[in-house]
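Have a look at this one before I ask anything.
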Amino acid sequence: MQRLINDPNLVVEDMLKGFVKAHPDLVTVTDNPRVLKYVGAPVPNKVGVVTGGGSGHKPAFIGYLGRNMVDAVAVGEVFSSPSAKAFYDAFKAADGGKGVACLYGNYAGDNMNVKMAIRMAAKDGIEVKTVVANDDVPSAPKTEREKRRGVAGEVLMWKVGGAKASSGASLDEVIAAAQKAIDNTRSIGVGLTPCTIPAVGHPNFTIEPGKMELGIGHHGEPGIQVTDLKSADEVAAMMVDTILPDLPFGKGDEVVALLSGLGATPVMELYIVYNKVEELLAAQGISVYKPYVGNFFTSLEMMGVTLTVMKLDAELKSLIDLDAESMGITQFKRA
Amino acid sequence: MSESFSSSEGRTIVLALIRAIQDNAAYLSDIDGAIGDGDHGINMNKGFTLAEKNLSGGPVALADALDGLGDTLLTDIGGSMGPLYGMFFQEMGGACRGEETITPQVFQAMLTAGLEAIQSLGDAKVGDKTLIDTLVPAREAFAASVGAGDDFATALQKMADAAERGKESTRDLVAKIGRASRLGERSRGHLDPGATSCWILLRALAEASRGLLGA
Amino acid sequence: MQRLINDPNLVVEDMLKGFVKAHPDLVTVTDNPRVLKYVGAPVPNKVGVVTGGGSGHKPAFIGYLGRNMVDAVAVGEVFSSPSAKAFYDAFKAADGGKGVACLYGNYAGDNMNVKMAIRMAAKDGIEVKTVVANDDVPSAPKTEREKRRGVAGEVLMWKVGGAKASSGASLDEVIAAAQKAIDNTRSIGVGLTPCTIPAVGHPNFTIEPGKMELGIGHHGEPGIQVTDLKSADEVAAMMVDTILPDLPFGKGDEVVALLSGLGATPVMELYIVYNKVEELLAAQGISVYKPYVGNFFTSLEMMGVTLTVMKLDAELKSLIDLDAESMGITQFKRA
Amino acid sequence: MSESFSSSEGRTIVLALIRAIQDNAAYLSDIDGAIGDGDHGINMNKGFTLAEKNLSGGPVALADALDGLGDTLLTDIGGSMGPLYGMFFQEMGGACRGEETITPQVFQAMLTAGLEAIQSLGDAKVGDKTLIDTLVPAREAFAASVGAGDDFATALQKMADAAERGKESTRDLVAKIGRASRLGERSRGHLDPGATSCWILLRALAEASRGLLGA
């Protein structure tokens, strides 16, 4: 395990300390060491936007704290849901009096902890509503969409939800926009190597050299197919072919295409894959309104990529276009 | 040998649970290493050891002690185990709140409340290779034994034995839920870590209770 | 080799195509397929800022094309200098009539190709002056600073040079600012794993598991020490202890601290290392005016980090603070 | 057997150089694999094959043919080899520009100009384990042979033989420059790839020239 850590049981603590030091203009601590918030939170009279999840997915989750983005994040151990208390404290840190939109991913632990945190918040009179991201196509058939995992589509859900909240919208409006974002979004991942949780010390699944796993999850959850390692163009085609029919996307659609590395894949290769993705979308009459290529949602030092495509309407376009300032996404309108 | 014990013995019972997890932490991580990510013992030990710190010094009502243990797990552990075991102990505590003594009937209500809490949170069924495979037969054995007129201590022993058989049953199962489900057929032949920790907890609970009954 | 590529001899071509598709608002092609330029270049009456180097270091080099940053980049094969012609064409693409500042790193190939490109440009009447980054402390003793390699300090040289050029400065002023930036900057790298050039197919150096190499270069050039893998805190201390005495940095200094991953190290770990770096600097009375933590200058899928520290004066501070818009660095002043 | 050849034979000479690199591309990469990154043959082959495309069909002056080869290497190869070999051939071309025939004196001037171009660009000295270790003794052998009154063909042969000995000398050297210097002592025992490609080029140059001389 070639890793730069101290005590493997304290990687999250150490990382959080460094993160706060590196981004003092964006984030700050709260009373709960497992909750960070945007320096501006709670923004009075704005719906609070909260997320949370296990660590090891940088920039997710704390990397999306910021202006017009997420207000507070509950932080879990590596690949493990934050506690109910952390979600609850994140709700309190984010609540500016208009309620809280908790936008998170569909994992058993997160579902349970969020459910209980909502009960705790209700006692304080804080209204919390949720959107549960389930953009990962390979994790369940379309007829059981509620079983699908949330993956990099969460980034677009936060972008949209954060922008909507900043527009002064009500909690129901924020929830509706974020829900629309995730309903219009489909993702798929391809893994090329496993990864190692520091406290565990060895990979807890394998991908043999020369092989790849189509449909793998962000924690190494099983995919739909293990094949010989394909070329970048073939991988692009496999991903596009799996997700386009699922929504379905079609001729004339304008989309966001987000191609994220899983951590250890050189960014050079993300552009090689994106080159083909864009070409394949164009061939189907789908135009990329806004591309995001980079490491947006990773899995420690896993090699591989995830492709996320979101179909846009006028509202989503304007929300995607809004300025944003966070470690993971910083964008400004052209002067 | 008595047919109930005082509900003020919360400290005794919960300390026994904590020791059981501490003593078996490495074993539980080893089991998890075979089909999971090898951290089950680490996770559980972290939570239970923290609960020990939060346990006050003097005698504590069983309801409060169990509730406190559940609280710590819920607050500090996260993951799936935090809420599952957290709610399990909170609901067990709730089911004996206000009782002066713990009778077989109260104990049965506690088991039922704990099991239902876990079932309402997770989606696991018997046969999915989870702690449910330990908990369901354990509760049934206790209820059957009490129904058949056995004394409290015997029913507790039968509960622990059934928990052990339930735990052992997971060896031949294919995991349907959680991390081990990744392995499919390869998960067969290994114990489920959660089922094993659940057996260790129920065994400790039975032994401590039997001690208080003078058995 | 678990890599997402097509023809290993065409990785640069494929990557460039994808890059241009992903960043149409920032970069555009030129007649030379190995030269990309900022969409706004040449900016009339602005000194053109050019760099170039081998591929495989993303965001470097093309990732720093943008507003208030670099105007044109010459692109080489993986880990191999661009041709003289590419540098020459980059000069032409960047020249807005006030001359060109070529800010590049100290490598034999780059030195030779830039030298010849300058001769070619002279025939066209384009004035080109250079700053050659040599911030890598371990690559030569201080008495032979001219032999040192350029590493992640180049990013700060581009930031400063780009900002200075945008201020309307003359070529000599831009060169002076960029030279001051690099003269005030010291870097060091630590490698944990080797990397593989796709066209070669296997690593061309080794770092054994459980070992690390202090002072390694961006292409695996030898470091000063191979040791057992140390903790993040110890690695931070080794890096800080090597570079601080070299300038030297001291009590009261305000600095930029740039901590870059080498490609495959999880970003989580960069924050763990940064946490200690900041602490060690503070202990010496050195305060971090501006931290940059992330993947700013990588080496394919190498694991490891580089630490770069730049001592600031009033001019450098204001140039570092200026808005910038590029794939590698996007920053805006607070509204 | 004549003592000069026509300067209009540029195509013949440069095609011989191109073929020599193409035929030995895999060999050169293998050598580079031992102490470098294994791409020397790939790099060289790419440049020389491109130069073949740029070579016009009919007879070409040697000056133009060499200049064209140098141009392609300079324009399209990059790295260190592009400028080093690029300038080498450009300067060789420059040294015979305007000559009607290539005499031993012209040829010697070409070698000297090429060598000086490489020395002025890179910092390598004899003994650093680079192509300089081939080129320097080759030029000296040619000059000495001409000085001693040998005929052109003999001098060419002595140049090629010296190039081979120079190349072989790199086997016992420790690399001081370039990628192989990373290996320190471990670079000893292996040929230097650049020294080897330089020998292959000089040998092809000698053979093609001797052919034109009727030797």
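Order of writing sets the chain letters: A, B, C and D. Residues in each chain are counted from 1.
Everything below uses one rule, namely that contacts are C-beta pairs under 8 Å (C-beta built on N, C-alpha and C of every residue); 3 or more make two chains touch, one makes a residue touch a chain.
Bear in mind the structure is a predicted one, so any value in this text is a computation, not a measurement.
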**Touch-network distance, chain B to chain D, counted in steps** = 3
**Request:** Among all other chains, pick the one whose mean CA position is farthest from the mean CA position of chain B.
**Result:** D
**Message:** Rounded to a whole Å, what is the gap between the Cα centroids of chain A and chain C?
**Reply:** 29
**Request:** Return the distance between the CA-based centres of chain A and chain D, expressed in whole Å.
**Result:** 56
**Message:** Between chain A and chain B, what distance separates the C-alpha centroids? Give it in angstrom.
**Reply:** 34
**Item:** Where chain B touches two or more other chains, by residue
**Value:** none
**Request:** Determine the shape of the graph in which chains are vertices and touching pairs are edges (line, ring, star, complete, other).
**Result:** line
**Request:** Quick one: which bits of chain D touch chain C in the complex? Just the residue numbers, please.
**Result:** 33, 36-39, 42-43, 46, 74-80, 82-84, 86-87, 121-123, 177-179, 181-182, 184
**Fill in**
As the complex stands, chain C meets chain A at residues 2-6, 11, 14-19, 21-23, 25, 55-56, 58-59, 192-193, 207, 209, 212, 229, 231-233, 235, 263-276, 278, 288, 291, 293-295, 298, 300-301, 303-305, 325, 327, 330-332, 334
**Asked** Which of the residues in chain A come into contact with chain B in the complex?
**Response** 9, 76-77, 79-86, 108-109, 112-113, 115-116, 197, 199-202, 204-205, 219-222
